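Letters A, B and C mark the chains as written, and numbering starts fresh at 1 in each.
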């Protein structure tokens, strides 16, 4: 499953960059922004793992997540202004990231024999709660509670994945279609002017 | 133990309604208020289960909690104005709910062979920390830290339950008396004018 | 390892006092400040234990932590003004506390066969996240994100400990040197005028 692993690390990296940039905007120091980058990147998956009883939590046993976040941290500081220019690219990667996080979250939960609706919730938690923790720590009301595109896209992508998983014999195809649907939902949301809402926080 | 299970689901439902209504007041969107309803209803029990090492967390394996919260969500939106009219009834159910949550939290903790004082803490955590998470997520200082009636009633009800459990051979009777004492403490608090404090947040 | 256990309880006590005093300043009630004292004292270790899968969480099985926190609570209320006078002594104990918490956090994580960098992270989490939860609950941006001395001292002390552990055959000596280095880093930070930053929150 090498492409999945690669996209997972890429998503982790993008989430960490978003955390570090938020922290820099809030005038956090070097350690503070590193911590915010970390919790943004691994927060959602950590809550999922704790809730379903996966021990130790996933990223503890895989150095690559650690290095992905450290790399993101360096990128965010070294190319601060550039990163903001690449906002469009970031949005693309971020959307790929939440799509994959949702689906991986569902897959991991299904391997623990949980009910379908719980797996769906865990998918949304995996994709969204890193950002929730980030916002709580910088003392803001979490973004996803005010602007629903983000969580809604995950929710629909997750439902599509659960349906396709029943209907299609090809797991990779189900994954790609579901991730694509998350991207389409977010893209349409942006096209229809909801993007302004997303940018305001 | 069917009456306990029924009251547990009713308490979950009431807690979820309180979360959804808080979220609506904060102008959260549909997904945001659903999430707030969820964490308010299952937050306390989740923290307890994570701390005592009960895996997976209780509500993950029981669909009825899921449906109780979904039902609460629909009720809160469909009967928004009515719900506020039934504030008195809500207060009653809420008090029954925290009484039962405290006692069920203590019982579950005792089945894990924890010290008495830890079981008491877990009872209070079960009843109060859903509301704490709700308040943190909507960026307010948690209500129970400023107005002590809520947590205090749970604490005393829990102590009474622990004592009765030693003295009485009838578990159901101990439960009913302890839950009653939580209700009496809160009722007296309201009668003596402390209710204003509770309403201010 | 009796001196370690003693310092651990002393650190728990000091952390609890800092939590209770923060809560009193925020005009929290008796139960609210007790809860803040509790989570400040055991929050960091609790998050560490949950993440590495240590169940039940450490303090649940040791009454002495409970009594250390209750004692701290009484001290904080009975000697409120005195406690503020002994700020210097508190700073000393607090620094000893975070040094020890960092090192104990690393040790416990190493006994779970986690990667070196994960053990280091867990050390910092053990020492710092009690304060992070405290600040989130009183609705402040966590102190350690804005002033880096605190977390930085833990990070460096932790790195020194990991190095000495490889080089020296005497565990106690490694511990004392690392704890000493945390204290020196914080002391130098204060001497060089960074203390003002620490006091501002």
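The rule we apply is simple: contacts are C-beta pairs under 8 Å (C-beta built on N, C-alpha and C of every residue); 3 or more make two chains touch, one makes a residue touch a chain.
Nothing here was measured: the structure is a model prediction, and the numbers come from that model.
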Chain contact topology (line, ring, star, complete or other): complete
Superposing rotation of chain A relative to chain C, computed on C-alpha atoms, to nearest 5°: 120
Residue-number overlap at the chain B/chain C interface, same or different (half cut): different
Interchain centroid distance [CA atoms averaged], chain B/chain C, Å: 31
Numbers and ranges of chain C residues touching at least 2 other chains: 50, 55, 136, 139
Chain C to chain B touching residues, read off their complex: 23, 26-33, 35-36, 38, 46, 50, 55-57, 60-61, 63, 66, 136-139
Residues of chain B that touch chain C when the two form their complex: 50-53, 55, 112, 114-115, 117-118, 121, 132, 136, 139-142, 144-148, 151-152, 155
